[in-house]
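Scrolling down, you'll hit the structures one after another.
Both complexes below contain chain A, partnered by chain B and then by chain C.
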Partner chain A sequence: MHPIPKLVIQRLALGLLLLFAASVMIFVGTMILPGDVAQAVLGQNATPEALANMRASLGLDQPAVTRYFTWLSSALQGDLGTALSNGRDIASSIAGRLQNTLFLAAVAACISVPLAIFLGLLAVRYRDRWPDKLISAITLTSISLPEFLLGYVIMYLFSVQWGLFPSVSNINDGMSFLQKLNAVALPAMVLTLVVLAHMMRMTRAAILNVMQSAYIETAELKGLRRFTLIARHAMPNAIAPIVNVVMINLAYLVVGVVVIEVVFVYPGMGQYLVDHVAKRDVPVVQACGLIFATIYIGLNLLADLISILSNPRLRHPK
Partner chain B sequence: MADTLLEIKNLRIEATVYAPGEKPRDVVIVDDVSLTLERGKVMGLIGESGAGKSTIGLSALSYGRGGIRLSGGNILLNGREIRAASAATLRGLRGKEVTYVAQSAAAAFNPAKRLMEQVTEATLHHGLMSKDEAEKRAVELFRTLSLPDPENFGKRYPHQVSGGQLQRAMTAMALCPKPDLVIFDEPTTALDVTTQIDVLAAIKTAIAETGVAALYITHDLAVVAQVSDEIMVLRHGKMVEHGTVQQIIEAPREEYTQALISVRSIDHQQKQPTPEPLLRVEGVSARYGAMAKDVLSDVSVELHPGQTLALVGESGSGKSTMARVITGLLPPRKGTITFDGRPLPPALKQRSRDELRELQMIYQMADVAMNPRQTVATIIGRPLEFYFGLRGRKRDERVQELLDAIELGKGFADRYPAELSGGQKQRVCIARALAAKPKLIICDEVTSALDPLVADGILKLLLDLQSREGVAYLFITHDIATVRAIADSIAVMYRGQVQRYGPKDQVLAPPFDAYTDLLLSSVPEMELGWLEKVLAHRRMTSAGN
Partner chain C sequence: MNDEFRYLLARAARGKLDRRAFLGRAAALGVASTAATGLLSKAVLAQGPRAGGTLVMGMQGGESTNSLDPAVAASQVPFAYGYCTGETIVNIGPDGSLLPKLATEWEASANAQTWRFKIRSGVQFHNGQTLTAEDVAQTLRRHSDENSQSGALGVMRGISSIAVDGEWLVLETATPNADLPYLLADYHLLIQPNGGFDDPTSGIMTGPYKWAENEPGVRHVLEKFDGHWDSSIGHFNSIEILVINDATARNSALQSGQVQLINRVEPRVAGLLARAPGVHVESTAGRGHYVFIMHCNTAPFDNADLRMALKLAINREDMVERILRGYGSLGNDMPINSAYPLFDDSIPQRSYDPDQARFHFERSGHSGPVDLRVSDVAFPGALDAAQLFQESAAAAGIELNIIREPGDGYWSETWNVQPFCASYWGGRPVQDQMYSTAYLSNADWNDTRFFNPRFDELVMQARGELDLDNRKALYREAGLLVRDEGGLICPMFNDFIDAHNDQIAGWVANPAAELMAGQAPIMMWSAT
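This part shows the complex of A and B:
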C-alpha cells in the first residue's frame, strides 16, 4: 500500500481519539468545579424541592457517564445546549462570536505568516549581518512585551495620536468587508507582533540547518543567487518544522486572544468564555472548551499532514 | 598557448582556525601550487586527505569552503583572472564555464526535487538553452552514461535511484551546460568497487564524447591512472611531482610517489587451520525488527585461533550485520554461534563478563568510537578497570605498555582524541580492544576511512599484534587489496549469503563463480589501459553467454 493514505488515516484516527480524550477532560474538569448549578440559578433561598426539580429538568440527577454521552452526542449534532445564565441557545450565540474570532485570526494570520517566513528568509540571506540582527531585535522585543501593554501602546499611537484606526473594534454584520478590516486593524497588528517572532526564528533556524547540506553547495556552484538558493533549495526541505510552528501560532491566534479581545472590546469567543466562566455557566464553558480543542487539534493535525506530504520519500516511495 | 583553459600560478590558500582556548590563527592549506590545463585534457590531482586536492579543485570555481580564503597567486580561467573576482562575475561562470561533481552524490542532490529539474537547473539559469533543448541534452547524457530508462530517469527523485546512478546523474548535471571544465572530486570513492568501475567507464566515455577538460581528484592512484592525461601528486598542500600518467606510474621520481605506488605490498604467510576453531557460526539467519526478509540467511563460517577471517562484499551484503550477530547486539533468528568450544548466548545481556571480554570490536570511524572528552589514558584504562580491576599505578603502567604496543610514544596518554590524527585514533581504538586481552577482535572496515599509507601502517600493526598476542581477527572489508594482505581464510558475501568460502589461496584462485569474478576484476590496478581491458573482457564474456 502507498504509505501516504495509511499515514493520513493513522493521523486522522489519532486526532479523533485525542479529541475524544479532550472532551472527557473538559467534562470532568467542569464537573469538579465547586458550586451547584441549580443553587446558582435559583439562588440561596430556593427550597429543596425546587432544587430537586431544577436538577431533574437539567438532567443533573442522571449518572455522570450518562450525562457525558448525552452531552457529547447532542454536541456532535450541533446542539450545544442552552446557557444557564440567560437561557439562550449556545450554538446560535457562539456562531457569531466564533465567526468574529476566526475573522480576526485569519486577518492576523494573512499578515503574520508570509511576513514571518519572508523575514526568516531575509535573516538567513544576511546571516549575522545587520539586517539579521535588526529583524531578531525587533521581533524579540515585540514578543517580550506583555500583550496588553503592546495593545495599549499601539492604540495610543495609531488611534489616539494619529487617528488612523478606531480604538474600539466594534464589528457587526451590517459592515462591509473593508469596514470590518478597518475595525480589526489594530488588534490584528498586535497579534501579528505577538506571533511573528516565534515563526520567524523557527524559519531562520530550520533553514540555517538545511543550509549546511551538501546540496546547497551544489546549488551555489551552479551560480545561483543567494536568495534564489535559499528560497528554492533550502526552503522546501525546511517545511516540516516551519509548518509545525506556524500551526501552533495559528491555534494561539484563535484560542489565546482573550486579552486582546478585552483590550479592544472585540466581540469574540475569548470574551464570551471569560464572561460565562465568571457566571459559572457550565454548558457554555464546556461548549467553548470543545470548540477550542477541536480547532487546536485540527490545526496540529493539518501541520502533521502537511509535513507528511512535504516529504518526497513518502510522496514518491521507491 | 592558445589552448590553455586554466592556469593556476603560485596559488596560496589559507584558513583561520578557531581552536578552543586559543587565539584564532591562520594556517596555510595550499602553498605555491601552479598548474596549467589545456582544453580537452584531464589532469588527475592525487594525494592523501589534507593534501589540499579538493581545495585546489574548488579554487577553479574561485570557491572556498567554510572559512577558506584564496589568499595569493593567480587563477586564470579562459585568460581571465578569477581569484578575487566579484560575486556577480563568479555567479556568471559557476555552472556555466566550470561545473563540479561532488564525492557524495547522495548528499549533493536536493532530496525535494526531481532529478531532471536539478540536472538542467544550471543550464536554464544561465539561459544557455531552452527548457526543451536542455531536457533533450540531459536525456542524451543519461544515455551516454548508461543510466536505465534514460527518457524517464529524470522524473525520479534522488532517493528513488541507487548511489552509483546518482553519481552518474551528477556527472550528467555537470556536463549539461556544456562547460569548458568539470571538477570531479572523488566521484567514485563512496561507491562499491563493482559499481565504481561502471561509473568510471561512464565518466571516461562522457569526457571523451564531449571533449570537456577535467580536474580529477582522488586518493586512488590506480583510479586516476585510468582517466587522466597528466597527474599531479600533492602532499601537505604542496606539489610533490607532476608528469604524464605514464611517467608517474612507470617511472616516479619522488620517494613519496613511489610509496604511493608500492602501497599494499604486505607479505603475509597464510596459516593452516587448527583442529579446533575459535569461532564457529552455523546456519545463522538474522533480520532487523519487523523486516520481511532476512539480512543474513543461513551463514556458516569458522575462524581459527590466531588467524584472520576476512568477510568481503559490497555495501548491503550483510557484513556488518554479521558483526552485530556475533557480538550479541542482534540475536539471530536461527542458527548457533560457538566460541572457544562452548555455545555463546545469542543476546548481549545473557553473556558473562568474560565472554564479553574475549570478544572486542574496532570500528570504521575511530573518531566517533571514542568519547571526545576523555584522554587516551582514560579510554584505554577503562577496560583495564572494568575487566581486571586495575587501578592507580598498575593501570597507568599497563596503559603505557599498550601505547608502546601500538607504537605511540609516551606523550600520548594525556592527549584528547581531537589532538590525534586519523591513524593515531585508530591505533588508540586497537589498544582499547587489546586492553581486554581478547581472543577475537572484530575489525569493521577499520582501514576504509584512512589514507592508503596510513592504512598500510595499521594493517602491519594488526598483523604484528596477531603474531605476538595470538589474537584472531574477523576482518570486515570491501577492499580486496586489504584482504589479500592479511587474510588466512575468506568468506565472500553477497545479499546476505556466503557466496564463496575457504582458505585464501583457494578463494582467490580460479575457477571463480560469477560474483567473485566480478568483484575481483573490478578492483582497479595500477596499470595503464586496465579499465579498457576489463571492459573488453566483460563484453566478450557477456557476448559469449
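This part shows the complex of A and C:
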C-alpha cells in the first residue's frame, strides 16, 4: 500500500479512538459537577417532591454507566436526544448555533489567517527594523489584553462613540449575507486581534529559521528580490509549523470564543454550552463536547496531513 | 413658555414632529435642549399611550434552557415574556392593591376559607378558543399537582379543593387564608387552555402578545394579539426581547439605541448611565433583600447570643452605601419592609453596635473564628459585603472566616445546606407568603431553620384575620420574633434598577418586581 492512504487511515483511526476517550472524559466530567439537572432547573424553588418527580421523569435515577451507553448508541445513529431542561430536540437546536459559530469563525479566519501570514512575511523582510518592531508591538499588545476588555474597548469606540457597527451581534435567518457581515463586524475584529499575534509570530520564527539555510544564501547570491525570496523559497519549507499554529487558532475560533459571544450577545455554541452546563443538562453538554472534540481533532488531523504532504521527503519515500 | 413652543411641544408629543426637528426649533426659540427634552417627555406622558412601533428589550436572565412552560419559569426573561403572552386571574398594582385581570370580581366567606372568583367572559386564547372557568381551574390543578414541576407548588399547597360553578371559580383552603387572591398573582400561574395539560409549552395563552419566534437564550419575538380583551394595554405592534446577559453589553446596547429598555443595571454604573443623553435610569424600592443566614438549630448558631452578636456586628448603613451605592434601603433583620402592605414602621431599626456585639459574643461562650460561606452568585457584591462584615465584626472582637464557594452549584451545595452563608430573597407580594415560604416551621425553604411555635401561631392567626388593624398587630409581633430570635441577618433591601431611553414612555414604578413588575412591555408605549 502506498504510504499516504495508509497514513490517512491510521490517523483517522487514532482520531476516532481519541474521540471515544474524549466522550468518556466529558461524561465523567459532567458527573463530577455538584448538583444535578433537577436541582439546577428548579433552582431555589425546588421542593423535595418536585425534585424527586423531575429526577424520575428524566431517568436520572438510572446508573451512570447505563445512561452513558444509551446515549452513545443513539448519538452514533445521529440522534442526540432532547434537552432535559426544556425538552427541545438537541440536534436541531445545535444546528443553528453551530452554523453561527462556524460563520463567525470563518469570517474571523478569512481576515486573520492571510493577514497574519502576510504580516509575518513583512516582519521577516524588515527584520529588526521599524516595520518588524511595529507589527510585533501591536500584535503582542492585542494578545496580552484580556478578550473581554478588547471587546469592551472596541464596542465603546465603534458602537457607542462612532455608531459604525451594532454592539449586539444578534444574527438570524431573516438577515441577508451583508447584514450578517455587518452584525459580526465587531466580534470578528476582536477575534482577529486575539489570534493574530500567535500566527504572525510563528510565521516569522519559522521563516527566520529557514532563512539560516545554505540554499537561501545561494538564492540571495543569485540576486533574487528579498520578498520573492522569502515568499517563494523560504515559506514553502516553513509550512509545517505555520499550518499547525493556524489550525490551533482555527480550532480556538470555533471552540474557545464564549467570552466574545457573551460580550457581543452572539448566538453561538459557546453560550449554548455554558447555559446547559449551568443547568446540568448532560445530553446537551455531551453533544456539544463531542462536536467540539470532533472539530479539534479533525483540524489537528488536517494540520498533520498538510505538514506531511508539504514535505517532499515524506511524500516520496524511498 | 410661549405659544409657538407650546404648539411645537404638542406636535412633537403626538409624534407629528420628530424629536430632532423639535429640539432644533426649540433651540431657535431659545429653549435649551435639556429643558426641551424634559418638557417633551412630560408632554408625551400627558399625551397618553400611542399605539404602534416595536419595543426592543435587552435583558439579563435568559438561558438557552428556557422553556415556554410557565410552571418552570425561574429567571427574568421567562418572567418577562410570560407576562406579555399570558395573564393571571388577578394582578398586584403599583400601590400593592389587587387589580382584576382574568377574574372580574371575587369574594370570601366570613371564615376566609372559601373564595369565589368570577371569570371574565369574552376572553380569547391566541388560538381563538374562549376562556372558561374550567381552563382556570385546570391551570390551578396542574400547578397544585405534586407531580408537576411548578415553581408555584408551594403556593398552591394550601388550596384543598378547586371547583367550577358556572362562571365562578371556587377555591377552598384547609385553613383560613385572607391573602389567597394575592397568591394567585404568582407569575407561574398564567392561565392556559385546559390548564396546559395538553401541551404546557405551546405558549398559547390570553396575553396581549402572541409568539412569533422563540430562540431560548438568544431572542424572543412577540406579535400583538388582535383579539385581546383589554385595549388599554399592549401598545407596541411587536416586542423583541434580546438576551444580553453581560451588564456592559446591555448598557452599550441601550446607549447606542439598539435596545430601548434594559433590566438589572448594576448599582455601580447606574449613576454614570443616567448621565448618558436620552437615558432614564429607573430605580424602584422593592421587597428583594440581600441576606446572611444562620441555621438556628446548628452549632454554634443555635446560641441566641451568638446570633444577636453577629446581627449587631454588621454595619447596615455602610453596606447600603458601598454595596448598593445608595440604590437600596436599610434592612432590619426581618424579611419585611415598608413595601409590604400592613408593615408597621414603628419597629425600631437595629444598628451597628460593636460594644453590644462584643457583650453578646462573650456571653455566648463561643471562641475562635466563625465560618461564613459566600459566592458572588448569592447577590451582586456578596464577596465585598462579606469583607465589610468581616471588618465591622473584627471591631467587635468577632473573627469571621470567609470561605469562598464556587458560584456553580451554590444553590444546591451551600445555600440551605451550610449553617452560615450569603443569599438573597426576591420578596413576595404579602407578608404571609414571605413567612410561609421561608420562616414557618414547616416552610419549604426554611433556610434559617427557624422553628418557633409562637411565631407559627401568630402567622396562622393573621392568615385568618380579616380585620386589618388586628392583622397588622399580629404581623408586628411575628416580625419582631424573626428580628430578635431568628437566624436572618438582613443588612439591606435592594432597589430594582432598570433603564430605558426616551424613545419609549409610560414608566410607573411597581415595587413587586423589576420592569414595573413585568408589566413594562405591555404598559409602556412608543414616544418617537
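Criterion: the second predicted complex is superposed on the first by the 285 of 318 C-alpha atoms of A that agree within 3 Å, B and C clash if a C-alpha of one lies under 4 Å from a C-alpha of the other, contacts with A are read in each partner's own complex, and residues count from 1 in each chain.
FYI, a residue touches a chain if its C-beta (ideal position, glycine included) is under 8 Å from a C-beta of that chain, and two chains touch if they have at least 3 such contacts.
Not measured: the values here are computed from a predicted model.
Trainee: In the overlay, answer first, second, both or neither for which of chain B and chain C A:Arg313 touches.
Mentor: first
Trainee: Once the shared chain is lined up, is A:Ile32 touching chain B (first), chain C (second), both, or neither of them?
Mentor: A:Ile32: touches no partner chain.
Trainee: Between chain B (first) and chain C (second), which does A:Leu178 come into contact with in this model arrangement: first, second, both, or neither?
Mentor: neither
Trainee: Contact-wise, after the overlay, does A:Ala214 reach chain B, chain C, both or neither (first, second, both, neither)?
Mentor: After superposing on A, A:Ala214 lies in contact with chain B but is clear of chain C.
Trainee: Could you tell me if A:Ser159 is touching chain B, chain C, both of them or neither one (first, second, both, neither)?
Mentor: The answer is second: A:Ser159 touches chain C but not chain B.
Trainee: With the two structures laid over each other on chain A, which partner does A:Val65 touch: chain B (first), chain C (second), both, or neither?
Mentor: A:Val65 sits against neither chain B nor chain C.
Trainee: For A:Leu224, is the partner it touches chain B (first), chain C (second), both, or none of the two (neither)?
Mentor: After superposition on chain A, A:Leu224 lies in contact with chain B alone.
Trainee: Mind telling me which of the two, chain B or chain C, contacts the most residues of chain A?
Mentor: C
Trainee: Go through the superposed model and pick first if A:Pro236 touches only chain B, second if only chain C, both, or neither.
Mentor: A:Pro236 sits against chain B, while chain C stays out of touch.
Trainee: I'd like to check the shared interface: which positions of chain A are touched by both chain B and chain C across the two complexes?
Mentor: None.
Trainee: So in the complex, which bits of chain A are touching chain B?
Mentor: Against chain B, chain A makes touches at 213-215, 217-225, 233, 236-237, 310, 312-313, 316, 318.
Trainee: What residues on chain A touch chain C, complex-wise?
Mentor: 33-36, 39-45, 47, 49-50, 53-54, 83, 85-88, 93, 96, 152, 155-156, 159-160, 163, 166-168, 170, 172, 262-265, 267, 271-272, 275-279, 281
Trainee: In the complex formed with chain A, which residues of chain B make contact?
Mentor: Going through chain B, the ones touching chain A are 61, 63, 65, 90-96, 99-100, 102, 104, 107-113, 118, 121-122, 125-126, 156-157, 159-160.
Trainee: Can you tell me which positions in chain C touch chain A when the two form their complex?
Mentor: Residues 58, 63-67, 72, 74, 146-151, 153-154, 201, 213, 215-219, 242-246, 248-249, 252-253, 255-256, 258-259, 406, 408-409, 411-413, 415, 444-445 of chain C touch chain A in their complex.
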